[in-house]
Structure formats: structure tokens, C-alpha cells
Amino acid sequence: MIRAAGWILWKDITLEFRGRELLVPAGVFGLLIAMLYGFAFDPAKNGLHGTFPGLLWLGIFFASFLAVGRAFSVEAEASQQLLLAPIDRGSLFLAKLALNILLTLVLAAVMTPAFAILLQTGLPPETGTFLLIEALGLVGFSAAGTAMGALAAQTRLRELLLPALLLPFTSPLLLGVVSATKALYGGEVAAAGNWIMLIAIFDVIFIVVPVLLFEFLTEV
Amino acid sequence: MSVEKQFLEYVFFAYSAVFLLIFLFVTNVWRRTRHLEQQLSALEGDGEKES
Amino acid sequence: MLEGRQLRLFLGSRAILRGVDVAVGPGECLGLFGPNGAGKSTLLSILSLQREPTSGALRMFGAPAHVDDLALRRRLGYLGHEPGVFLGLTGMENLVFYGRLYRLSGVARRAEAALSRVGLGPFRHEIVRNYSAGMRQRLALARATLHQPDILLLDEPHQSLDPAGRDLLDAEIRSQCQRGGAVIFASHEVARGYRLATRLMVMRRGKVEWQAEPASAPEDEFRRALDGALGGGVR
Amino acid sequence: MRYLRWVSVPLWIAALYLALIWVPDERSLGVSYRIFYIHLGMAWTALLALTANFVVSLLVLFMKRRRETLDNYAQATAEVGLLMTTATLASGMLWAKVAWGAFWTWDPRLTTTAILWFLYAGYLLLREAIDQPQRRMVYSAVYGLIVFIDVPIVYLSVRWWTSIHPVVFTNTGINITPQMLIAVIFFFFATLFLALDLIWLRAKQQDLRERLERMREQRLGELGY
């Protein structure tokens, strides 16, 4: 199961390196968001420290939508044959999950510094903890996004349906990551720890439940 | 305007809002059912004519 | 090798297959013919374990066949309407990828051999997006036969192939049968299909209308049966 | 099921009489607290309808037979659940304006209920967007199992987190007078019967649609398509 997932991931990364169909549009969109926020909120005059965590995470989530929504469409050209191969259905989910985690991590790595510079807030203190929050948050977002992307890919509306399916689920995650980041800016590391726990629970639920249910989805 | 009267208005709004929602739902279901029944009887009618 | 009895498929209340009996043995090549919407592709999708029939019994190699039987999937090869190859990978990479999923040994060697067999040897390191439709179909054929399946299922394989490619495909099908494998193909190619198949089956509206062996049925009889199926509708 | 309405209508009349006239005004909120009855009835019924949707979704995935009928009920329960959640939110917002001075606050219970609304709106959108009946059935069942996570969270939210939303049943007992309890019970059963009626109506309509499709199929067959 893991080996097959590895090969599918290898194929997707090769495709992404050659075509750059996911990262480049999503990355450009992410940087544009930072710039537009800068225009709209005028960071020089009103300090944005209070709202920065919310702005940053919404930006990352919206940009990630573009990448996560397409992850299953990449397969569209050959999904039939891939499903005919003697591989466990769970491995396809795992491969897509790993791909989405990588994509969103790269996006966040580009967007976070850009946001910190353009909105003139700087990174929060306890940068190590902040990176942990980013990693866990993006794992959760990718897990939920992969599950909902698998559902949405088979509908008439395709990616258009994804926001309506995914955003309500990610609201507790958004609350978690924004609150944790805010706590870091306020210097309350213990409070951030509690929020990190919530994010971790979200991650576990959205990795385990879809793996269990994915079998049903590929049957029809 | 007394507070009592304002309270009464809110109660009225709340109940009528809920009833309006249910009314809209029911009429929608009924309208669609009617439509389906029409289509069904048209199909059945055709069948009898030809056979 | 493969036997389906009274296969039925309903999508909601729509009947796509209405009780089809189908069987192939070693060395046999069954040709499915009929108008669009007759259920040929649906039948092939059931036989290739993409979906379960609503009712009916499907057996392969002497045991009941189910969608989730991974060992069984390795013994089937399927070529559908779409080539099922990744446009961003080279021909070689495509075959190696599929070979890995099928857990073949000596993947690179096998892929090279398969590519030169379908005449794509010189183009093996070129990205598939630059291939023509005929080349993609040849690659798809190499992909479907890479793991040397016992049963080969082909859905209108002649489409989008150039004349040389068609001959190549026919040779591939014949060698599959000579090896003791079985082939089921769906086609609109009347003359070519008649020559190729060891048994002919004409379907219409989810049922088998007519079937015979080419040895006992002259080609014009087959054509009459097919015309009946094609013209029986409203067209 | 056809006699449901003969119980439902008198129940509604009784419930409305009890809640709007019979029960005396509350001390601090006066007449406005009477929104409470319809709010509570709708809220409980909404959660029950969505729980029914969860059960039906489970059955769809694990039963072999009669799945199409079950699927009709999945559609019906989700629609009625969403309708009643909407009614809960609408009546709740009006009451909040009176009691808390604002239509909306980011209280845990309000937040989780708003999320609930979006989740089931998504459920219905998903159903709408899949044409192939088998796939619609399985996909929406899987989604229905996942979104149900929020239903117990809505119920428990006031108990887990500090919330300004009032709670009727707590570990220590019932927080309302016996008179109010009688009206609450009547209102709850009135809305419950209404919900059953609506679910039945909607599922029956789906049955009709399927019959129509079969009929169409058959007629097409007769015409030689």
C-alpha cells in the first residue's frame, strides 16, 4: 500500500516539475493576495499585528484551494486505468494526501515571508513553534481537502463545489491555527499549546476517517 | 413605543418567519409533485392511445 | 476462463444491460458489435472489474470474480476509449509507472521491449503530449499488454489508429490467442472484426441479439444481423 | 402515514395555544421569551432529522437491498433537517436581538449551528451535482457520515464550552417551570410530527420521480429505441 502510494506520488511530482500546473498559478495567486491585503489595509498607518494571523491563514487556505482542488483532476486523463491497477484504494488517497501536503507546504513557505514583509508585521516570536503550527495546520487542511476533493472530482461541478464542501469543515482548523498564531504574537506559549492539540486532533480525524471510507468512493 | 409591544412584534416575526419557511418548502414540494404527476399521466395516456 | 451469466446492470431505474450471457475460453477471441448505446462498453467495464453488475454471476478462472480482488486484476488487461496514459510523462516513464503498480520484475527491460514491439522505440524518451493520437493509442496498447494478461479486454481499439497500427493491433490480438490467452473486443470495424474474431456477438439495447462463429456464418449473414440491430431503432 | 395530519393539526393548535396564551409571561423577558417554544421545537427536530440522515446513510453503505428507497429518505431527512435548522437560526436570531441585544454573537452554540447549516447545505449541493444515481447514493452517504460529526458537537457545545446560550436539560435538572415543560413537550411533538410528514411527503415525491423514469424507460422501449 505504501509502495504503490510512493510510485503514484513520484509520478505526480514528476508531472508537477514538468508542467508546474498547480504550484505556479496558486503561488502567484497567494502573492497577489498579500499585495492586495497591503493595498486594502494600509499596514504603515494601522499596525496589523492583531489581524495578521487571520489574514495570513485565510490567504494560505484560499491559495491552497487552487492546488488541492486540482490534485484529483491531474488523474482525470488516466483515472480509469489507474483504478484498474491491482493497488489498494487507500494508497491512492495516501498518495494524493502526500502530494497535497507537499504543495501546501511549498505555498506556505513562499507566502508566509511575503505576508510578513508586505504587511510589515514580521514573523511571530517562537518561530520554531510557529513552523510546527504551520505544518500541522497544513496537514489537516490537506487531509480534509483530499477527502473533499475526491468527492468533488466526480461531480458535475468539479472544483467549483470544493469550497462549499471543504470550508465548513476547515472552520475549526482555521480557528485553531489563527488562535495559536495569535497566542504566539501575544507571548502566551501555553495557550498556543492547547490550540496545537486541537489542530492535531483535527489532523488525526481527517486522516483516519477518509482512509476508512475511501473504499466506498471508488466502487462507483 | 412600549417595550411590551416591541417584544410582541419580535414574537410575531419569529413565528411567522418559521411558518413562512415551512410554507415555502411545502408549496415547492407540492408544485413539483404536481408536475411529476402530470408527466406520468401524459405518458400513461399516450400508451393507451397507441395500444 | 471467463464466464458471465445473466448479467444485468441498472443505473437507477434505467436498464443498461438486460441479462447478457458471455463466455470465453483459452485461445478464443470474442468480438462485440452493435450500435452505440447497445451496452458493449458497459459489458466490458463489468468484465474488467470496474463495476459490479446489479445481478448475475461473473466467474473468472473458475472462481467468482469481485471488484475488490486485486490478484484477479493483475491477470486482466483493459484498453478503453481513453488511452489512459499521462501526457506529462514520456512513453517509457508511463510504462515503468504502470509496471511498478503491477509489481513486475525487470520493469525497464519489459517496457523497452513493449515499446519497440508497438513501434515506439525511437520515441520512448519523448513526452506523450507530443505524440499523435495514433501514437498514444499504440502506447496505450503497450500499457494494456505490458503485464501479459490472461484476458485482454479492448473497447473499440481500432479507433484513432493508423492502418499500420491496426495491423499491429490485430497481430497483437492473434498472438495473445496463440499464447492461450483470451480476447474480448468491441468494435465498429465490420470486415476487420469479422476476420479477427473466433466468435461474433451482436448486441442491441442491453441484450445479445445474434451470435455465431465466423466458420459457420458467412460475412453477409453477419452484416445482415448487424444491419438489423443498427436499423431496428428509429434512425 | 396518511393519518399523520389528523394528529399533527390538533397538536399544532394545542401547542400554539399553550405556548402563546396559556403559559404566563416570563419575569425579565416578558412576552418575548415565547419565541423559545418554536425555537426549541425546531432545534430538537432538526437534530433528530439529521440523526435520521446519519442512520439512513449508514444503512445505505452497509445494506445490500432497498438502497434506492433508503436514498430517497437520505435526501428527505437532509432537506427537512436543513429547513428546520434554518428555522432554528431565524427564530434564534430574533430572540437573540431581544435577549442579548444583537442578532448574532460568536457563541459556541451559534457558531457550531451555523457550521451545521453550511455542512448540510453542502450535502444537498453535492447530491445536486452528481447525475449518476448509484454514485450519488454512495457519495452522499459517505459525506453524510462525515458531516454528522457536527451534530453531537452542536448538542454538547453549551456543555463543553462557556456559552451564554441557555440550556434546558442539565446534570442538575430541568431549568424551566412545569408549566413551561408541558408547552415545550407539546411543541416538540407538534414539530416532530410536522417533520415526519414533510419527510414522508418528500420521499413519496422521489418515489414518484423514479416511477416516472421507469415508465419513460418502458415507453422508450416500446417505441423501439
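For clarity, chains are labelled A, B, C and D in written order, and residue numbers in each chain start from 1.
By our rule, a residue touches a chain if its C-beta (ideal position, glycine included) is under 8 Å from a C-beta of that chain, and two chains touch if they have at least 3 such contacts.
Nothing here was measured: the structure is a model prediction, and the numbers come from that model.
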item	value
Between the pairs B-D and C-D, the one where more C-beta pairs touch	B-D
Chain nearest the overall Cα centroid	A
Length of the line joining the C-alpha centres of chain B and chain D, rounded to whole Å	17
Between chain C and chain D, centroid-to-centroid distance (C-alpha), Å	49
Length of the line joining the C-alpha centres of chain A and chain B, rounded to whole Å	42
Residues of chain D touching at least two other chains	132, 134
Chain A residues counted as touching two or more neighbouring chains	219-220
Junction residues of chain B - those touching two or more other chains	none
Those chain pairs that satisfy the touch definition	A-C, A-D, B-D, C-D
Complex contact set, residues of chain D against chain C	68, 132-134, 210, 213-214, 217, 221, 223-225
Complex contacts: residues of chain D adjacent to chain B	20, 29-32, 34-35, 38-39, 42, 79, 83, 86-87, 90-91, 94-95, 97-98, 194, 198, 201-202, 204-205, 208-209, 211-212, 215-216, 219, 222
In the complex with chain D, residue positions of chain B that touch it	3-4, 7-8, 10-11, 13-15, 17-18, 21-22, 25-26, 29, 32-33, 36-37, 39-40, 43-44, 46-47
Sites on chain D touched by chain A in the complex	61, 111, 115, 118-119, 121-122, 125-126, 129-132, 134-135, 138-139, 141-143, 145-147, 149
In the complex with chain A, residue positions of chain C that touch it	48-52, 67-68, 70-71, 73-74, 76, 78, 80, 82-89, 93, 97-98, 100-103, 127, 143
